[in-house]
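Two complexes are shown next, each including chain A; its partner changes from chain B in the first to chain C in the second.
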Partner chain A sequence: MSATLTPPAAAPPTPDQPGRDGPGRSIASIPRWAWALGVVVLWVGIWALTKGTDTLALAGREHTDVQTSLGRFRDDVLAGRADNPVIQLTYDLGAWFTSVVDWLQRMLSVPDFPRPVPQVGWLGVTAVATWVGLAVAGWRIAVLVAASFVSFGVFGYWSEAIDLLIVTFVAVGVSVLIGMPLAVLVGTGNRAVNAVTNTVLDIFQTMPTFVYLLPIVLFFGIGAAGAVVCTLVYALPPIIRIAGHGIRNVSTTTIEATDSAGQTWWQRLTKVQLPMARKTIVVGLNQTIMAALSMATIASYVDGPGLGQPVLDALVKNDVGGAFVPGALIVVMAVMLDRSTTAASEYSEMAARGGLDLRLRRIVLAAAAVPVLVALHLSRTYPWAAELDDPGWTPKVADAVDGFFEWFTDTFRDATQAFKDLVSAVLLNPLQSLLSESPWWLAGGAILALAFVVGGLRAVAPTVVCLGGLLYFGLWHDAMVTLNMTLVGTVLVMLLAVVLGVAMARSRAVDVVLRPTLDAGQTIPPFVYLIPVLALFGPTRFTAIVAGVVYAAPVAIKLVADGVRAVSPSTIEAGRSTGSTRWQEIVKVQLPMARASLVLAANQGLLYVLAMAVIGGLVGAGALGYDVVLGFARSEEWGKGAAAGISIVLLGIMVDRIARAAAHRSGAPAAR
Partner chain B sequence: MSVATEKETAAATSAESALSVRNLWKIFGPRADRIIGTPDAQLSRAELKAKTGCVAGVKDVSFEVAPGEVFVVMGLSGSGKSTLVRCLTRLIEPTAGSVLIDGIDVTTASDAQLRDLRRNRVSMVFQHFGLLPHRQVIDNIAYGLEIRGMKKKERRAKAEEVVSLVGLDGFSHSYPDQLSGGMQQRVGLARALAGDPSILLFDEPFSALDPLIRRDMQNEVIRLHRDLRKTMVFITHDLQEALKLGDRILIMRDGEIVQIGRPDEVVGAPVDDYVRDFVSEVPRSHVLTLKWVMREPRPDDSMDGPVMSCDTIVRQAAKAALASEHPVRVVEGDRVIGIVDDDAILRVVVAEEEAHQ
Partner chain C sequence: MRHISWRATGLTSVAASATLLLAACGGGTIDDETKANESKAGGAGECGEINMAVNPWVGYEASAYVVGRVASEQLGCKVNYKNLKEDVSWQGFGTGEVDVVIEDWGHPDLEKKFFAEEGDGSAMDAGPNGNVGIIGWYVPPWLAEEHPDILEHENLNKYAEQFATSESGGKGQFLGADPSYVQFDEAIISNLGLDFKVVFSGSEAATITAFQQAEKNKEFLIGYFYEPQWLFAEVPLEKVALPPYEDGCQDDPAKVACDYPETDLKKIVSTSWEEEGGSGVDLVKGFTWTNDDQNQVAKYISEDGMKPEDAADKWIADNQDKVDAWLE
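Let's look at the complex of A and B:
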């Protein structure tokens, strides 16, 4: 979701700011890490004495009053369906989305009674998609599109794949309809408008995908409606933010120059601002499509149609082989969509620059339309063109994958087990007992103190509010367990990010090899990451953590690499001229000067790992994620599930705000 | 360009002015409009900033520009000259005062009137060009015509005429980023000319260019002015440029007018040390006219020397004056108003030689 993250320029080391912002440097010269250490030592000391008391652990079937009333709220909403105008409106909207998706499905992916097949069959859809690829992005993309569509068919997931595309594109369409006017507002509006939208979008983007599902399903119902709404809500922020940014950054000289020619507001928007921001707007569209795809797969959890369903079914059964093929097809689809939109933007730029022979292009497209029409006709007429025979490859592949992982886990059991044990013994277990076995007042106080130490005064208020919220919603203990997984995952992410990021920044060869892999990694929906990790570590909290690390690593590594690379070469040269070793150069020059990027990478890492820790509830990660899952499964647990959802959001906001405050102190822009 | 005398008389009456600026103020900051008229308005820029948090960009500026005149506003960066020129078409909204263009009050114009004024009467050329990177040169030039609603064929034909006027032949279908800085500014110039405005505003148009290209472009402007006789308001921080192009020069400092005058007046009679310091490096023989070096005629003066107009620049007069044994008689119309002898000429030229050593 963050291919466009702009790394902050390496901040010059800030001189000691005499203390208006927290303790740190102000009280004598005790460094910040010593304060943090002090807090932890004190925490451990009190923990040893009070361990196990007031932990606010809630047994399986227990509910707090707040949770019960949340459940009642849901019952009221459901009961009010008949006469509450708000709920009627949302249900009408949901019904409308359902009918749109349903119509498209009957056109493209499911039998349209009384036909035994959809209106347009396999061959026709593939031909049309290929032609569109040719028209917007050239023949290479057309080949990619054709290959992708064929792969959906031959592996027997044709209708699921097309369903996923339908949900994705309906949601993207609505996102653009809503998002572009808002982007214009953000891009042309005053500061107050920007501040408000930024805050709202920040909160949206802090929320792990999973959390959207519960409330949306309540108001819009399950199935296609809920899936489309979740997807569109999740896909909306990138287009608003990135397109708005592009419009706002159009050169002021050009705007002034064209204003001076006497243009109207509308002429300025359509002839100057939008064309000049086109590239950035397309990047926003790309991000929106990728976000939509990743949410649309997760929406299978609320019975949304698409490729997510076979993955989910297999995941809950711990059937790695079964999840592999649909998971791989999701990756194929992600790569196809990402490459097509990127290439389309380059292609249109080339066309606008006269780099293409437009007449030739028109002739080619017209000529290519003939076989497409023939294919359309065939696919409506002959069964062989309407439905692809399943050659039965999928079960074979599944068996092969199962076999491979069996062999792999057998062979490397000792290694994976040792890694798991090491991380558990060194990080996971000690921190977990400290966080979750401390009395709530101790853990809360310690978190607040640490927030103050790393983030200064700026971090205190959000931390207090979020901790208070966690207490109120009554899932303190589970929240601490989830926080533990998130923190441990983030530590691992940062280890990876620093090692690989520095390597990438210092060696061109490493960068050339690693960067495309990371780029590809960022386009894959998080859901898919669970599959191979599940194979290695089984249904445990450890799977969620490792999947989170894998999910968060690309963005963090790239941020660190770009930050280290941005350190001015003359500073490094100056260091070298004083005779520093390579190690000294990294530790004393490059990393400190890239501090802002490190903090930003940690911030992103935290949020990504948290998102995954929650999805991990599906595969035995427990804690808040499991509470949400249970809330879906049993209606009497709905209140608790909702409380867990809100608690996840509070956790996310808390870690995000602390990290931002820390970034602010180290001079990083609070950009994301 | 030295038809300054008849212009001066024209400039005196604002009814005939192409542009008339009266008591124009621009103060940036909160509640800026409340400052004008209070004693605070008289504070210096730094004091005003300290007291109210507002910054005075333009302070009580008034001047008239005659039709066909080249009026240069000169000042260092931060002197408020760019703010001033933007206030003329309300790209920056002035805080107080009035601007009249062809007798139309710009400051009270409605949005539609203002648009009409910008489309048809005033065009502007910018320091950083402000071209549209996604359009070919020809469509950049035609932009002003396009937003007036002119049909594509017609506006392209019209733009094509301007292309050759500014020496862009053969570049119509290039994109701006394929051109050098000088060529890009020619596009900016062409865009401003395409709408056939009566006034052209230039905001430091050549500051971003190399010295040689800058000189070319200055000559281009002089040529265009000679051919088209448009009124021009030219902003610059370069005194040489101001002296070269300007019929009259307005020198600004901290948002205020320091001096308005013809180039020879600014060099020959600077009003204060600030201006004097500014013009101290200028080769005076290139700017001063005979008026500034002549003495009263005496009865014993020879009547055999050459006759020259009092507007003749010293350098141009020097050769003839030194070649003749008799002093030059300086005339205004038919009347002899002064005498310039070799000494007077040499004083200017030699003083300048010394100043440059």
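Let's look at the complex of A and C:
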């Protein structure tokens, strides 16, 4: 079958196209890209005549009825909070979260009055964590864990870092408790169950946190409870999705073979499906932990404890260096947890296969426990082992970072401004004019037609529903502006993904250098780099796009690299033997063979760029992101903010479903 | 082979433990401090707890920590600082999670929900805190110096072209502010016939960065800003004169064509906390200081990089006479 999302030259004729699935059989000889071009030409033609009419633009503080009633609904819940039974229940649950976190904090991170320090001081915590690393994943991870914990201490953010770990572990623990049964349901359920769960998870993952932060506080309370719950909402989907995927993909022959032995459903699950899917489940757990960490800064808007607080403190002072150190420690924590969980999974597999000398391991662990116990005792007895003296490195690092960014800004600002103006003039402004200044029926019709051309009939129903939803919630114009920024951002992401992804796949050295940078791009809170980016590009849509690209490019680059690396070496050898150049090898062999990964990378890249729409609202990009921020900042605008959040969800689901339909048609594996 | 590993591990373990124990010798123990704390706790005042909301801007932080440090160091209260956005703070009055908002710029919608007259009565006005909010249109100082006539709104159109950016669609760009502030700039611009388009910065950080860069690189920029604000110590922005504010000129949001009024910033407290009374309540009610006072502490925090506690302590030590007046 043909590939619609690859360059036109790669699209062969589609004689085997079923007539009902896409443009009709009789005209199947016209390639799909030509259909798409036709739609666009027609769109531009009508746009030229109707530009500026029926754009459904809404001024700064105007509301539609739907938005007003959303706001009123929330006000009613707030007014009736004292005798709302649901709120009383959730509030008790929130109080329980708070007391668990509070107890852990007094054990590990804050003074447990009248003690001047926590029950266990830094030396004890570090020693125990290192020992756990040694026990579950071997000495390399133990060294990594020890180095990470020491870095939390010497940079003066010990209690904030441990607080973040505590909140993350409580949220991830609850995620696993709720998520694993649901993952089993997804993995063993039928298609209808999957479709429903998928959509709910899509909503969880794309709904901007600023929209549900206030309701969460209303239901669960501020501080640790609010932080745990908002982290939970965002961190829950990966484990359900990925673990469910793993369980579903356990080979049917294995299941049939063991079924014939007469096992019960429960035996099949616990003895066959879960063990065989273990690797994938660990990946899901891993992604859940990463998602939880990425909520660190947002949670500090409701007094969630952790490293997000110093980041936010520095932001209000426009203190780039001050935000850098705690931001970098979040990255350190992410890398530590990522590598540890992955290594632990490999290690336990090795142990299960008998690849480890278990007796030796036991001896080493027992011996290592002695200094750990001593450290534990010391950290409970002596102040020096309980609290680390701040060696004063943080201000020095902060100054160096400030100096670097100042130099960077002064040196490159003219160039970056010119680049921004160029991209705005040739790409951003014309496309925005086409999308947002078309009458709504024209833009909507054109999007629907393109969805049909690209994804066939499968794409039509979700597109209609989502476009209808955008109209209903009354932020059509803003949605088109956001869609435009998202598309331009995705183009930039894919440019980076193809260039760097191919480079990573072809050279091990590039991979080794680039991978940690990509991890940092994914986990560093955007608030850390927003100010330098603002200084370079000003409060503009382009700044928002840059923030989106920083966040989205790592995922896309990794996907493309994996795809290109997976191209079979014999295919490449065959090309080499015919004397193709390196360029031909990349363009004619590797990229076309990795087509499925490119499609997946574009789809994920777009969703990730869209996820940063709200950050865009904070840096002058306006549109839906600004509406969400507005709703968070002023209670009378909450309804409009909620409508904007729902619109972002609808945009995300629409694009995702179109991409899936396209992938389905071209035979590529479904996205995600 | 195994025996060697066994012995080596054991030796390493013993050596590590011994090093740790040796290092432990000398110095007081945590138990001593715990006992000291226990005896000190016995002599604490009757103030009880204050849950102080800390909204995310430096001036607010200055006020919150000065009041908080006086309460904890001089009255023996236990002060819990809670980093919260405004809306969340107000929601917390009813649940006992928040007792004090020390600097409120005016939230009619929240007052409607939480004051006694129309709402649930969980919050109440505790009077002005002495700071005066000045809101308006500002330009960077270099611009005011080079083109003094720009400080009159009548002359803005003359420069509209120079204010244009990639975002403003050919018109001059007016940088709107953080959405936390009530803004009428779209109406003012259209009612004064100005050839400008509002582009919302979306956050204070974005606005401040824009003004810093405009001053440094001598670029045209006009936008919504406000005092007291720490940025003025670094970049003393100049205010553009709009038609002066008169009572009622902002009543119809679509017809606004006047400047913003000066706003008396006020303290909002939890009703139930206020009813309990005590020295902490009296302190918060008595607290009042000037914009200059706040700017001083804000400068300690933002420019000098001091921790808010230390900045507050420094100001308190230098101004005990003012503090005493709040405690009377």
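Here, the second predicted complex is superposed on the first by the 478 of 672 C-alpha atoms of A that agree within 3 Å, B and C clash if a C-alpha of one lies under 4 Å from a C-alpha of the other, contacts with A are read in each partner's own complex, and residues count from 1 in each chain.
FYI, a residue touches a chain if its C-beta (ideal position, glycine included) is under 8 Å from a C-beta of that chain, and two chains touch if they have at least 3 such contacts.
Here the structure is a predicted model, which means the values were calculated and not measured.
Once the two complexes are overlaid on the shared chain, A:50 sits clear of chain B and of chain C alike.
When both complexes are overlaid on chain A, the residue A:272 reaches chain B alone and has no touch with chain C. Of the two partner chains placed around the shared chain by superposition, chain B is the only one that A:261 touches, whereas chain C remains out of contact.
Within the superposed three-chain model, A:580 lies out of touch with both chain B and chain C [touch as defined at top]. Shared-chain residue A:352: touches chain B; no touch with chain C. The partner that reaches more residues of chain A, of the two candidates chain B and chain C, is C. By the touch criterion defined above, A:75 reaches chain C but does not reach chain B. By the touch criterion defined above, A:188 reaches neither chain B nor chain C.
In the superposition on chain A, A:84 makes contact with neither chain B nor chain C. Residues of chain A touching chain B in their complex: 251, 253-264, 267, 271-272, 275-276, 278, 352-354.
On chain C, the positions that touch chain A within their shared complex are 2, 5-6, 9-10, 12-14, 16-17, 20-21, 24, 27-31, 33-34, 37-38, 41, 56-58, 61, 82-88, 90-92, 94-95, 97-98, 107, 109-110, 113, 119-120, 165-167, 175-176, 178-180, 182-183, 186, 198-210, 212-213, 217, 230, 253, 301-302, 305.
Of all residues in chain B, only 86, 89, 91, 114-120, 122-124, 126-134, 143-144, 146-148, 173, 175, 188, 191, 195, 201 touch chain A in the complex they form. Residues 59-61, 75, 78-79, 81-82, 91, 113-117, 213-214, 217-218, 221-223, 300-303, 309, 312-313, 315-319, 322, 359-360, 363-364, 367-368, 370-371, 374-375, 378, 380-386, 395, 409, 413, 420-421, 424-425, 428-429, 530-531, 534-535, 538-542, 616-622, 625-626, 629-630, 632-637 of chain A touch chain C in their complex.
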